[in-house]
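Each of the two complexes below includes chain A, the first together with chain B, the second together with chain C.
Entry: the complex of A and B
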């Protein structure tokens, strides 16, 4: 049963990196298409649209961070995995899920906002600052999920 | 699948910056002469400033639009609804060419502005090989040619073809997933019906003519419209006052060209919200319509300038700008 606990804990870490990363990959891809469309006719917009394109990429980083923290707590990174109970393993899995699920959803929605902002900045380059804010708002919820996942993982580690 | 248009819409956004604005149209209308207006256009990338090559300039602008859209959309059939007008225009030209046994290349619209190759259309009608045409065009091509050959009545053959064109545009619009294409189709048919009804009424045409000319659409009851038009213009106004086109009545009272301007402006108003939909085909359709509108306005302004119309008179005819 101890192995099963570790399995679920690692599954949680993997899901955080995998699902949030998949959301970011899709989101950055969507924003990248819009950015390429703008740069085709307005090459001087490259710097501005690149920043907007990268915004949906943060969820993947957060997912990676959660995976690292969870694996560090489990001793996997140090090469000495802990034997944990099934309950603790499931608790790790649950702790990782906010980042996995919210990371995916927020990355896609942030990408949609980024695509719209890229269109805005292509027509009104002087509104670049404001155009950054719209997709950045979505980031709030990814950060909430990151915080909860970190707190929960640390909490589970202390059990 | 909406994501397939992200790149295309972003490119359209950039291209929209190059659409002629209201200020440019004001400058064109206020230009001292047609030559000055052509120079202003040349400064905005339209033609080379040669007043003798206006038709080529407008044709080149139209081709630029379609070449640009063709770069962005793998399957151009989604925009067939815009091209059917060209097909049926060419059908009319082919029917008249065959009936009068004369060749007139200049009346056909180009290959990029229609779905059926103009040469194929011409050969199919001349050889009576109607099977070579799309199935929606076969019957009307045969009937229109027979009507013209037997009666010599060009108007009759034209209204048969016009009605077939409108019916096909409406069907294509209804089949489309895009709100803007559905709106375009419905407005095109309804406005054409209203114009046809008013013209027929002024020319004292009978009910059977109206039944042959008017194409069904969702926002008008063509039975009622035909009945009203067979009575009087006031009856048409009374019927329209009970439809969504009641705002058009003052325009129709002014002139049919004022009504045409109202229709074009209505379409532009309807497509304007598409500016904000980055994941649909709407902005591409809106761009095509905006470019068509722009070309129409430029043609109108230059023609007004060349005929020494006053700036105010030209301004009355200029359509609203998309940007």
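Entry: the complex of A and C
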């Protein structure tokens, strides 16, 4: 049963990287299409729309971060996996879920805001400062999820 | 920390000096000129008229777009050499005498513009023609073996049908379908889609054979005219000529490269004139004099007056703007806060009666940014990098760009501070290097942190982040109280800020004493009852005050209390405001953990001699470049968010109009005296 615990823990780490990463991939893709559309007409907008395109990409990084912290705690990265109980493994899985799920949903919704902001910047280049804020509002929830996942993983590790 | 005080200014000058005065004002860029909405409408007045400049401005606008287009064409044909440096280097300076010499050449320069324009038009025609010729060449390919012209119909006694049959048809099949024996079938070419044939028969069999061929699906060819190989030759020559013409046009356009500066100049020249004529169009003038209204910052007023009256016969008068006038806003801050002006401007300029929040925002800005990026090495890179760029482009850089870069430099200082506190130098790179290359038995708790490492003691840093949040939010509320008191609304300050202070301080005290919240941060205060009583009383006074006065604009007491209760419910928004500061920890952790991800990846490949350290260095450089870029962006965006939402939300609405002086809105040159 000890192996099963490790399995669930790794499942959690993998889900954080996988689901949040998938959301970011989709989000950055959506924003990238909008950005490319703007650059066809206004090549000098490249720098600005690129930044907006990048904004939904952070969830993938946060997911990677959670996966890394979890695997580090489990000793997977050091090459000496710990034996953990089933309960502890499930706890790891649970700890990873906020980042996975909120990461996915927030990445896609942030991308929608980013697409709208890219349209805004294409018409009003002087409003770039504000346009960055709308997608950033969505990211707040990804940050909260990241925080809870990190705190939870640290907490579970101490059990 | 101030909104500059503005003066109304009235200039009355002689009409003969009109152009000179406007150009001088445009170069100085210190005065905002009123552009009335009814510009160019020639409102008939007994004394004053306005000039209609719409027509001439349309010409200027056309010239601007022609010159810009010609520049684009030239850049495509002959890319400018220093394309990369343009990001930081601003407009080039041009002396007044140079400007005047160049202005005289403007017709000559515009001729160049027209020339480039014409050549570009021809090039796009060629670009449309070439594919057409290529398609024609393509359609000739199956017919190349045909010895006759495409519309050959036969000799005196024979009749030849040239055309295609669908699919690949062998000669026997065609012969089988034709009844007469006196027939010759030449297969010119075959492909799975079609068979090109020339069928020759006697004149007398013409009708029958044609009918039989039609049954087989015989169709006339798409090409006509001369023999295919001759046609091919002609088309090839045509194609070559088009291509060489295109190339020579490109070269001709590229030969204008030495005149690139002149093209830039002429675009700017018309830009400035277009702006000038917009002002002229809204001037009130008689046959002899003109009148100019506008705003000028008080600090510039003396200078403006001296400048104008020393050179021209004119009257310059200043007056205070009327009470209800919407005065344009110009900010003035000290060196510490000025870089943050851009952040304030992109939120909103202060409305009438509001304070300039730049300095207040700056107090926290660099600190918050630093805590989110929190790596001493990254901070050093920012500080040094910006210093190098500022030095390199110190003459040519635009003021706005300089401010933005300086802001990042100061934010870099904050980043260094927090990096040192958290012991992060490229993340845990020092420890990783020691462990990998020198001493594998470095203890696991090796730390360079002056205070603590967020990854190890996240709750401590989280608690600290909340404290910063409380201070920041309280500061914002204090600013609201200050604004209220400055406007003489002392009671509002007490109702809207004072009671909230009491309630929040009381609530924080009570919460910290509970096992749940206090315990979370490892605090077990167990405050004595008397202290708790103080907190409770504070909270109670605050809460009662808010309920009583939160809805004070309603005269109906029932409604007023209801609104007051709703205002009290606003405490939940304070809670979420404070929780929002947890991003200080989260983003700091993100920088640190991603750094250590890259560092451990590098350490994994560092074992083999020679190649190992090289790979190690490569991964470290690439990884940290990426991490710095993405986290600096994150820190910038989220510092702005904390300032805009949590901080400005407490006291600052904005809505003022920015001061827009009549100035040189050019792209390439800046004319100076």
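The rule we apply is simple: the second predicted complex is superposed on the first by the 159 of 159 C-alpha atoms of A that agree within 3 Å, B and C clash if a C-alpha of one lies under 4 Å from a C-alpha of the other, contacts with A are read in each partner's own complex, and residues count from 1 in each chain.
Definition applied: contacts are C-beta pairs under 8 Å (C-beta built on N, C-alpha and C of every residue); 3 or more make two chains touch, one makes a residue touch a chain.
The structure presented is a predicted model; accordingly, all values stated were derived computationally and were not measured.
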Superposition on chain A - do chain B and chain C clash or fit: fit
Partner chain in contact with A:41 - chain B first, chain C second, else both or neither: first
Touching partner for A:77 - first (chain B), second (chain C), both, neither: second
Partner chain in contact with A:153 - chain B first, chain C second, else both or neither: neither
Spatial angle chain C-chain A-chain B, Cα centroids [nearest 10 degrees]: 50
Chain B versus chain C as contact partner of A:108, first or second or both or neither: neither
First (chain B), second (chain C), both or neither touched by A:33: first
Partner contacting more residues of chain A (chain B vs chain C): C
Which superposed partner A:144 touches (first chain B, second chain C, both, neither): second
Partner chain(s) touched by A:118 [first = chain B, second = chain C, both, neither]: first
Shortest CA-CA distance in Å separating chain B from chain C in the superposed model: 5
Complex contacts: residues of chain A adjacent to chain C: 51, 54-55, 57-58, 61-62, 64-65, 68-69, 77, 127-130, 132-133, 136-137, 139-140, 143-144, 146-147, 150-151, 154
Complex contacts: residues of chain B adjacent to chain A: 3, 6-17, 276, 278-279
Residue ranges of chain C in contact with chain A within the complex: 342-343, 345-347, 458-459, 462, 579-580, 582-583, 585-587, 589-590, 593-594, 597, 600, 630, 633-634, 637-638, 640-641, 644-645
Sites on chain A touched by chain B in the complex: 30, 33-38, 40-42, 112, 115-116, 118-119, 122-123
